[in-house]
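Letters A, B, C, D, E and F name the chains as they come in the text, with residue numbers starting at 1 for each one.
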Amino acid sequence: MRTDQRNTNSLRPITITTNFIKHPEGSVLIQVGETKVICNATIEDRVPPFMRGQGKGWITAEYAMLPRATQERNIRESSKGKVTGRTMEIQRLIGRALRSVVDLEKIGERTVWIDCDVIQADGGTRTASITGAFVAMVLAFGKLLDSNTLKKMPVTDFLAATSVGILPDGTGILDLNYEEDSKANVDMNVVMTGSGEFVEIQGTGEEATFSMDQLHILLELANEGLSEIFEMQKNALEKLASRIGETMEDKGDSK
Amino acid sequence: MRTDQRNTNSLRPITITTNFIKHPEGSVLIQVGETKVICNATIEDRVPPFMRGQGKGWITAEYAMLPRATQERNIRESSKGKVTGRTMEIQRLIGRALRSVVDLEKIGERTVWIDCDVIQADGGTRTASITGAFVAMVLAFGKLLDSNTLKKMPVTDFLAATSVGILPDGTGILDLNYEEDSKANVDMNVVMTGSGEFVEIQGTGEEATFSMDQLHILLELANEGLSEIFEMQKNALEKLASRIGETMEDKGDSK
Amino acid sequence: MRTDQRNTNSLRPITITTNFIKHPEGSVLIQVGETKVICNATIEDRVPPFMRGQGKGWITAEYAMLPRATQERNIRESSKGKVTGRTMEIQRLIGRALRSVVDLEKIGERTVWIDCDVIQADGGTRTASITGAFVAMVLAFGKLLDSNTLKKMPVTDFLAATSVGILPDGTGILDLNYEEDSKANVDMNVVMTGSGEFVEIQGTGEEATFSMDQLHILLELANEGLSEIFEMQKNALEKLASRIGETMEDKGDSK
Amino acid sequence: MRTDQRNTNSLRPITITTNFIKHPEGSVLIQVGETKVICNATIEDRVPPFMRGQGKGWITAEYAMLPRATQERNIRESSKGKVTGRTMEIQRLIGRALRSVVDLEKIGERTVWIDCDVIQADGGTRTASITGAFVAMVLAFGKLLDSNTLKKMPVTDFLAATSVGILPDGTGILDLNYEEDSKANVDMNVVMTGSGEFVEIQGTGEEATFSMDQLHILLELANEGLSEIFEMQKNALEKLASRIGETMEDKGDSK
Amino acid sequence: MRTDQRNTNSLRPITITTNFIKHPEGSVLIQVGETKVICNATIEDRVPPFMRGQGKGWITAEYAMLPRATQERNIRESSKGKVTGRTMEIQRLIGRALRSVVDLEKIGERTVWIDCDVIQADGGTRTASITGAFVAMVLAFGKLLDSNTLKKMPVTDFLAATSVGILPDGTGILDLNYEEDSKANVDMNVVMTGSGEFVEIQGTGEEATFSMDQLHILLELANEGLSEIFEMQKNALEKLASRIGETMEDKGDSK
Amino acid sequence: MRTDQRNTNSLRPITITTNFIKHPEGSVLIQVGETKVICNATIEDRVPPFMRGQGKGWITAEYAMLPRATQERNIRESSKGKVTGRTMEIQRLIGRALRSVVDLEKIGERTVWIDCDVIQADGGTRTASITGAFVAMVLAFGKLLDSNTLKKMPVTDFLAATSVGILPDGTGILDLNYEEDSKANVDMNVVMTGSGEFVEIQGTGEEATFSMDQLHILLELANEGLSEIFEMQKNALEKLASRIGETMEDKGDSK
């Protein structure tokens, strides 16, 4: 039995509030247990210099925590004058994951900026960010469809992430909260598509290791949890959900 | 008539949600019209080097905006690697204002960190930050009273801020939203105490000037608006409100 | 009686030396008592990116102190690798104040760079900088008139600044030196135009507050002092003084 | 058939030159095909602040490329004034991996600094760095054993890394060179211990995804390749190889 | 004939104004032709970390130019956020040169901070800085003698610097102004002691070279010029001049 | 007798390995005794902004040390976030020296980037860098000749550098190793051309001075040592050596 009475294969309660902030093209507040992240998506009508002239778009992400998102106040990165390695790793991961389910040629020379700001942290902030950012991004593309800037939804599949881990007693668990994360021997973040393919697996034995058998248990837990999360994303996206994959289908048709 | 149908001397609707984030000693979400700021107060059991050994406390503030708090995405200061002049000005103002109503000797060698993070901006973010930060700070001191770390509330008076300005047609108005702020000739931020004294007046004629008569109209508008805001702070603080000024009274008594 | 024998409403001796440094388009050494600031104005034939294509000019200021302008050596900002909040506040104030008396459309797409470098500090460096920078800027415009680059002086009014404050015994005083500034309860910087309008009022009760009555006394002291300072600026500018306001008059004429 | 005529499950030629640089406590030049990395290990007799007083040691890594390690000259990070996200990710990975096979309590309050400097890059620089850094670290511990500073080798297992990937045609391949890495759909870095446990799996589908079956093929390829690499590490370490695991055995004995 | 009518072996007019700024322990304004540098010396009662506990003092220098010291405005290094290579080279040179004529053990664990701020530049700013800084430093030591903090002047010899160069027509010249410096093929800065020894020779053929014979001519010109400069330093230092070398004499005596 | 048994006028063994790294246009590993520097030359088909449109090329250099090139680990400049003054001085020196023997007009609007990375340091790293960088640069120009991008070798003379110094007992010595460099009173770096002209002389008496006679001894030692080094460069460059100076001869012919 886990500290918050969950089963080993239970997610924490998840809520996805759309249109949370008024200015962004797409805005979501995602809550995963006590973890709360504001995910905003911005559409910019140009691409970074290294992408210019290729007729393709780009998706990039930034991630930050409020100083008191955490138990102890953490120093603001703007005060330090630099972004930490942890932050960079997370924002690179978010951007990469989102790009795997978007047909960049379909969005034209535009950049999607994803901003994930953790206002309260209790473990799993990077996976919550990916899950929320996907919804915010689809909402933003929805605006471009509404205005006829885009004809088809350029998103080819659903995308979400969760964490799994192994406790010191060997138990595999799904969706670790901060306390569990602190004591786990192995911590793995899994990003999957709605059709059950992996996008990213990052498994780390911090001062520990794990076997092939344990890897299987972890991936199975992640797979179960993510099935539930995809349903929540569909509910949050309402009518837009049905338009995901239409680019994909077209590709199928044109073959 | 103003764009949002207010009278010249009307505030926008204000709500103050206490205990908004779970980790900080004091946490407030303040909404002033469409402006939304999370104000968190942290108590640290030491003071910065320049204050050590004086038996006094310190209060300092940091201010930031989420990239999409604004209409156009603004670049994250952590990405720029430095804090802008505007941000520095605002955080210096917030800290200075709060220090004017706290008996720093009464809090011992502790630092109060105030973090004001604007999640949605529609004008008046710095004055909303001061008003909200005051409440968050009092909540944090409340925790120290509860744990008997402090015997008396070290806050000597209420503190709040608002903006006033002069439109191009010469009308003085209270509590400017973003649109009004953009077109105003004169912009003034006024910080006052609950007993009606000024703590800070910052009046600026950006590419314009103002007369002594106009100054009087502006200060009167600010005074009226602040009276209402002090009531809202009292309601938000509930029982803690009555403890403000107790240090002051003691000082009176001991004379 | 003040430490340097002045009356409460007396300025310190002020000298304005024009053409102090040979390279700049406008150069002034201003001395206010023991405070000495070199104010240089540079004309650059382009505007910053955010102003391009609007057919208007821009005025921006930088401010610094030599390490031993002060009693204790202060660390060079270039060694720290960043500009402090105090410096940013001051340079934003100087630029904003100067822009309020210049018709930016009349100077075309040019930038006026103002550099205020304090070589000796004894209180009031920011107000001395504004007073001196105004003269340096007018001298620089004078060069543009001489070369027929500009047809009319784009300066619409005189501009100067001084400080006022309240001592712990409640006395209001004009033009504080460093010692007075250190012990004053309230410190206010006032920027006015030659025609008696306010451009900027920044009144701060550092760990103190002030009443409406005290505000009036302070503004009256500032007004008196500034009248004298405008005379000194006129003397320093000689023939150029008479050309200030000609843009203004034209505007009047064209109505 | 691969561009360099290798089989899908063949490693490139690997050489490990020990004692490459004279000053460090442990120094290795590792060559994996055309990729060449200098791995130096430094022992410092103290730990970073966050580790002090716990009686444990720490292992940390830094990674860099010479500007012309790559086809196109890359800008020196010291010139940019900051370390890129990619570099941070890699150095965090190297440090974490090494810590998983060292009993940090056995090394006392010491820090092992690992410096991996890529002098020529042709794919797989991060995995070559881990493989080489492990050898350099063991050499450095060997010095501490020689001087009787340590009594037992604190390394509990061998550690090495390699990359695997999936080509666009679906073929899984081992040990990708730069050209293969550029065109692969899926790229996975696998860090394992000599006893066959996983330390880290980082699998990424850059603008692509992968299935559970493909994951199995990749992990099998990695496993095969790493078996060969562990033999090369043993040869390079000579007599020191036999001392790895002695801490482990003691733990076993004491149960 | 040179552009300013000087002979090849003539210095520009030099004036050394002592006690130029009131706060520093030693302060000098040195003018060499149109080049004007404020040299301030500060005594700090501690040494930097790498010197602690050795019972010796340290001398370090900082150098900067006002933005309009030059014909074209140069960007403030505090705005750039870093010090240029040229500035670093010059401040390292000034510090090193001054240390060569001070018995660091005689000053105890104190640091002498030298600040050279160029307010107007016309060539030779680094050599003027050394010449002026020497005088400022001796004045500061004079204060320590006056207060009996030091018993003997710790300065063992006079120190000054000048520049020499070779024009495209092969003529060797002394004390180059900016125009001459711009067109010279070879530029050499020479730092000497009052007793005629070299402290530093930095000769550079920017896109040119020079022969042994030319080197001799340059060193002879420098030697002549410096003899005159030492006289000016003596006059500026008045009674303090006679105390230079007393440490030296003691050393001689004690042999 | 010197610590490594050399005569006062003996160089350490020098080896120059060409084509050390595969990617750069020119690549050299130079070893001078125990000092080892990788010198890579890159040709870029454009010049920095300040050189554009002049039809001339530019040569610039960067220098760095691996953290364990030295006895004690030195902190990576990318981690510090800035380049030290020493590094800046050295890279400016290398660039300036190389430019003195290249006809920049002959290389067109191209930049030669020189990267000198010290992998093992034992004194004389900056002079070894210059000697090695010259060879790397000529190799890179050789590539441009091979591809007919250049018609003539734009290098007008050989270029090399060495160090000389004076030991505390007054002995002048050639090519100081680290131990000698640490105890020398005077340290001088001399850069010469193959035809015996000086390009740069940097002589420094760190807390010491030197006489004209000593200067002559040092320059004579440098001259002898450099004659030997030019032979090694010729051997390393093989057939390319004969093409150096052809631009020069042309200039002679065209007179």
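Basically, a contact is a pair of C-beta atoms (placed from the backbone, for glycine too) under 8 Å apart; a residue touches a chain by one contact, two chains touch by 3 or more.
Remember, predicted model here, so these are calculated numbers, not experimental data.
A.B. asks: Name, by label, each chain that touches both members of the pair chain E and chain F.
C.D. replies: Where chain E and chain F might share a partner, there is none at all.
A.B. asks: Would you pick out the chains that touch chain D and also touch chain E?
C.D. replies: Touches both chain D and chain E: F.
A.B. asks: Of the other chains, whose C-alpha centre is the longest way from the centre of chain F?
C.D. replies: B
A.B. asks: If you average the CA atoms of chain A and of chain B, how far apart do the two points sit, in angstrom?
C.D. replies: That pair's centroid distance is 35 Å.
A.B. asks: Report, in whole Å, the distance between the mean C-alpha point of chain C and the mean C-alpha point of chain F.
C.D. replies: So the centroids are 52 Å from each other.
A.B. asks: Centre to centre, by mean C-alpha position, how many angstrom separate chain B and chain C?
C.D. replies: Each chain reduced to its C-alpha mean, chain B and chain C end up 29 Å apart.
A.B. asks: Where in chain D do residues touch two or more of the other chains?
C.D. replies: Answer for chain D, listing residues that touch two or more other chains: 81-83.
A.B. asks: Pick one for the touching-chains graph, please: line, ring, star, complete, other.
C.D. replies: Graph shape here is a ring: one loop, exactly two partners per chain.
A.B. asks: If you start at chain C and step next to chain E, which chains follow, in turn, all the way round the ring?
C.D. replies: C, E, F, D, A, B
A.B. asks: In the complex formed with chain B, which residues of chain C make contact?
C.D. replies: Residue list for chain C touching chain B: 82-86, 88-89, 91-92, 96, 99-100, 104, 157, 188, 193, 196-212, 215, 219.
A.B. asks: What residues of chain E sit close enough to touch chain C in their complex?
C.D. replies: Residues 21-24, 27, 34, 38, 40, 42, 44, 62, 64, 66-71, 73, 76-83, 87, 113, 115, 117, 119-120 of chain E touch chain C in their complex.
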